[in-house]
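First the structure, then my questions, so here it is.
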Amino acid sequence: MRRLPFSSDYMEGAHPAVLDALIRTNMESTDGYGADPYCAAETAILEACGCPDGMVRFLVGGTQTNALIISCLLRPYQGVIAAESGHIAVHEAGAIEAGGHKVLTLPAQDGKITADAVRGLTEAYYDNEVRDHMVQPGMVYLSQPTEFGTLYTHAELAAIRDVCHEYGMLLYVDGARLAYALGSAANDVSLKDLAALTDIFYIGGTKCGLLFGEAVVMPHKDLIPGFFTMIKQHGALLAKGRLLGVQFGAMFGVEGVAPEPGRLLYEELGKTVVDYGQRIRAKLIERGLPLYIDSPTNQIFCVYPDAELAALGEKVNYGYMERYDADHTVIRFCTSWATRSEDVDALLEIL
Amino acid sequence: MRRLPFSSDYMEGAHPAVLDALIRTNMESTDGYGADPYCAAETAILEACGCPDGMVRFLVGGTQTNALIISCLLRPYQGVIAAESGHIAVHEAGAIEAGGHKVLTLPAQDGKITADAVRGLTEAYYDNEVRDHMVQPGMVYLSQPTEFGTLYTHAELAAIRDVCHEYGMLLYVDGARLAYALGSAANDVSLKDLAALTDIFYIGGTKCGLLFGEAVVMPHKDLIPGFFTMIKQHGALLAKGRLLGVQFGAMFGVEGVAPEPGRLLYEELGKTVVDYGQRIRAKLIERGLPLYIDSPTNQIFCVYPDAELAALGEKVNYGYMERYDADHTVIRFCTSWATRSEDVDALLEIL
Amino acid sequence: MRRLPFSSDYMEGAHPAVLDALIRTNMESTDGYGADPYCAAETAILEACGCPDGMVRFLVGGTQTNALIISCLLRPYQGVIAAESGHIAVHEAGAIEAGGHKVLTLPAQDGKITADAVRGLTEAYYDNEVRDHMVQPGMVYLSQPTEFGTLYTHAELAAIRDVCHEYGMLLYVDGARLAYALGSAANDVSLKDLAALTDIFYIGGTKCGLLFGEAVVMPHKDLIPGFFTMIKQHGALLAKGRLLGVQFGAMFGVEGVAPEPGRLLYEELGKTVVDYGQRIRAKLIERGLPLYIDSPTNQIFCVYPDAELAALGEKVNYGYMERYDADHTVIRFCTSWATRSEDVDALLEIL
Amino acid sequence: MRRLPFSSDYMEGAHPAVLDALIRTNMESTDGYGADPYCAAETAILEACGCPDGMVRFLVGGTQTNALIISCLLRPYQGVIAAESGHIAVHEAGAIEAGGHKVLTLPAQDGKITADAVRGLTEAYYDNEVRDHMVQPGMVYLSQPTEFGTLYTHAELAAIRDVCHEYGMLLYVDGARLAYALGSAANDVSLKDLAALTDIFYIGGTKCGLLFGEAVVMPHKDLIPGFFTMIKQHGALLAKGRLLGVQFGAMFGVEGVAPEPGRLLYEELGKTVVDYGQRIRAKLIERGLPLYIDSPTNQIFCVYPDAELAALGEKVNYGYMERYDADHTVIRFCTSWATRSEDVDALLEIL
């Protein structure tokens, strides 16, 4: 029997608009390694981000993007500040350390860190008499939404940015699920805001409707000297680079590949997905199941009684997170661009 | 005006059978990171390679694959022997060195190295009184076909394998264009032979009909402890791993995705492609244009007079290789699964 | 005016017996890179450690030793467990991460970690469903004495060793100040115990009477294949290796360099040094100055009122550690092989 | 029986003036990690180099110095140009590659490379259409004297420097045996010239009279941001940094440690050593033994008949280099600050 698919947001292929663009362009012959007309999706993305003089580079996956960017931007003696629940701190198999850098973790509240905490860690470093024997904080890594679906507000991001500037650190935002931040009613951070507040961020494609792909946005184009060669060196340069341009082009209204020129599908598609998530959240609250973390996006975390978990698992493919206590487990329900309305209805009935 | 596309074999999207498999499976919901039913293409590949107890892992691109495998298999004090024209020695932006290892280059003849040369380098190392201050050769890297389209014979591979065994080195074959070796009349090395002769090799997808993807074949499954985590750490783990399984499944006759169950499209498709290449070769010879290297596969290299190059370039998208002398340039004509018969005819008329 | 020297244990040159050995052997001509007769100090050390079939390699400094050993012994996807106050976690400028590995920190109690905590972290890893995306604990790093002068008991070490064995992890002990553990009345862990309990440890020279130098002891000689070349690659191979052999020879009773053949100066010299430390400790307690951490060795940490710090600083060169609160600072008094009895008396009068 | 010691220049301890300085300062108490008064040898060295606003940092050994400097100065996508016989290319166990960088080798003539060859390699890179997939030359590495004892002239260095400037590359000179260049009648490159011509170089101590130690000279002090922390991270920071300051101080006339304040022993001591070498060279020529490479410094290489080698070896400790042909071996006679006049006489009689 088919189980309702709510375990993650990368379980299906591509959004129909994206797949269609790939099909229509399949037999065209173009140059490789990004030197093709479709990588002009860059222009559309920069326009959407309000930084026409910036630069966009397309990569394949999130861990690859994080490891590459951090390794390109830090000096060898610097580390990156992140939430202890941050993806780079936990679930990237030590990719940041493999690139030579320490992840300087801060306790997280709802998956988020604060400007005060960043300032605290950084001041402690600069106040330390033997700081020359220590790793210098050189960058702050955030994810928007976070690994727990929560959102940084514009004010929170601006405060962290201010601390970064004060101490000569860069601010980098991991937007693996950015479409689901943009689609949340609770969100007050636009693409243009991200471009204005950060030194570099990426617009996630893999979890937001593409077969694969992430678009790195640098509001200032000279941020990383030799970036192309660094991408190649990291094994992150896709031979058929146009596959990324075509897919992001479909999402950002590029004529010839998008269903409708100028329409920013990426900014739209999150709304319904988040609505689905919030309906699940409401039902859990109604049902009296405690939320593990209260998320305003597409990932809903709750504390589920073990006694009922097997029954749930027969009907629903949910995401296992961790043990909560002797009798409860933290699980996740995750919606995506591929979630069907009728599956949400069915899930709500089961819960 | 459309120029005839002969510059490379990664200019188009995917072979229709592959694209079709992606379309048909697009909305299925599967687990990520290779834990999906389609990654069972592994079984079909192992069977085709005659090593049912081996292991296959799917990666995205060639440089990524080379860097990852070499970094997984060498000890930190070891280097990898390669032809000075080998892809890892020249065109991977120092990815092997970035992973900590020296590429120990040997002069190449037609893009190939010999067992004698490998033995010479290795013996010189072991004979050296201060070898403990030097990089130890730990692996031999070959490409089949080579970067110049030439082929190692079964006997040549076996001889190199023998030297490897004698000195405790591993043998790794880069098969980025393997389909075009398999499709050559001059080839006497089958997939089964590669599995029998090497410690590890990869079956190239990107240049052989897939959107992207390379299948790493390890005849002995325990070759690399922790390989999954290493893949993740290198940013080489595709979230939607089934995209790789589906594409290779279409190529290796997997029921449900392949056009015809059991039919090894990968072993077939090279034949026509190589025939196209050989027609171009024959025409160049007839025309009296010297071959730079005589290749029996899909890449044809010739020495072209500069005076005629601009005219050629108006009609044909050829590959620039390097300057030959003051008046000549080495160029490449490359055919692929996407090459059309009428384009070959048109090219032959132009030459 | 000369300030009383109590800031650290690496402020002077070498113990007279060591200096004398260097002077006497200065003009002898020997082979380099450890291939000299004096590196036979290895035999004396192995005998003192009760592992005659082991191997000793001499290195120059502590951070170098830690980074090299950890990088030699971990697989790329593994990390090293350490106290959050461990030297490798804080004061080695990210050397472990620069070598590619995450330091998996545990909260420390008096600078120590427990077998239970090690087990907890390790079990959590093996219980995690997505552990393949995470760094695997591959080694436990301890320091004896710890960075805060405290000691692991034999029972504590044995318990940690048991957890290591259970989970296939190596146990490595950093003995930068090992002589001051051996000299403490509170210590129940001998050199032979360390050899029996650990996979690898080092006997610190730099802080224990040598100009410089650390002796890495491997109870089983085959622990690290290619170790010599790894040492060279890390820039850790001293050209005049005999300088290390001569110095350790003087400490471990080697005929011709030691003041008295067979006498283990290294095991003796700590006693007086620790006695000096303990006299300072007693005085602080008597005076009512709270100990920050209660150490039974040569480093004494106390919480000092800021109001009196300037006055102290005029007469005493103490070690600054960190701010304690608005009005207090944590400082360290450190004795060493070079400490003079009359300086201790003078310090006690000042306190 | 004692064999005449001519195998290398790091077989003895320290020059008496250096040893004496260490003895006299042994029991002084100073701060660690270079924060001691003796590291003011920096001032004397900068003065000798005519770059008072530069910076000197002291390290322990040559491979360490090369690996650290190259890793500090290259961007990750850059490589270092060196002679194929250069120390970093052959005898440092892959330390440069372990730091992530390719050594771009050029054929050497008498151990040297030419400005033309450097320009050729660099131009070929910049002319290559796919250079973005290749390692960019970012630095030139030379040794003065070379590994074969030969010398770059001022004109040769200036020409190489010009090419470096033209292509934005740094020029780094390895002066492991610099005293023996300075002591050669054939030399026209002073310390001041090196400071004027290079971006960074090091004054070798280990082979030139110190127990150990190399002084890195940066004519412009801001060349390497975070250099101290990088030194620490590489395990290259000596705890008792004053040992390096004291030794170099003795060599560069620092009051209180040098035998004679202001006297530059380092610039003087090579003369006699080179004279000894040249006497050996003259005898070999007289005797009709072919020089392998004609060196004007302290290393003399000749082609020796195997039939006589055993007899020679009984009386002389020479350096084995490599096999020359079936009946001959390349060997080295090496003099040093420790060479005794009577040993040279004895050797000349034997030859």
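Going by the order they are written in, the chains are A, B, C and D; count residues from 1 in each one.
Following the convention adopted for this analysis, a contact is a pair of C-beta atoms (placed from the backbone, for glycine too) under 8 Å apart; a residue touches a chain by one contact, two chains touch by 3 or more.
What you see is a predicted model; the values in this text were computed from it and never measured.
Between A-D and C-D, more C-beta contact pairs are found at C-D.
The chain with its C-alpha centre at the largest distance from the centre of subunit B is C.
Separation between the centroids of subunit B and subunit D, computed from CA atoms only, is 43 Å.
Here the spacing of subunit A and subunit D, counted between their Cα centres, is 50 Å. Chain centres here are Cα averages; for subunit C and subunit D they lie 33 Å apart. Within subunit D, the positions touching two or more other chains are listed as 76-77, 92-94, 98, 132-134, 229-230, 232-233.
Interface residues of subunit A, counted against subunit C in their complex, comprise 76-77, 79, 90-94, 96-98, 100-103, 127-130, 132-135, 320, 322-323. Residues of subunit C that touch subunit D in their complex: 5, 7-8, 10-14, 19, 22-23, 25-32, 60-68, 92-95, 98, 206-207, 211-212, 229-230, 232-240, 243, 317, 338. Against subunit C, in their complex, subunit B makes its touches with residues 33, 71-72, 75-78, 132-134, 136, 225-226, 228-230, 232-233.
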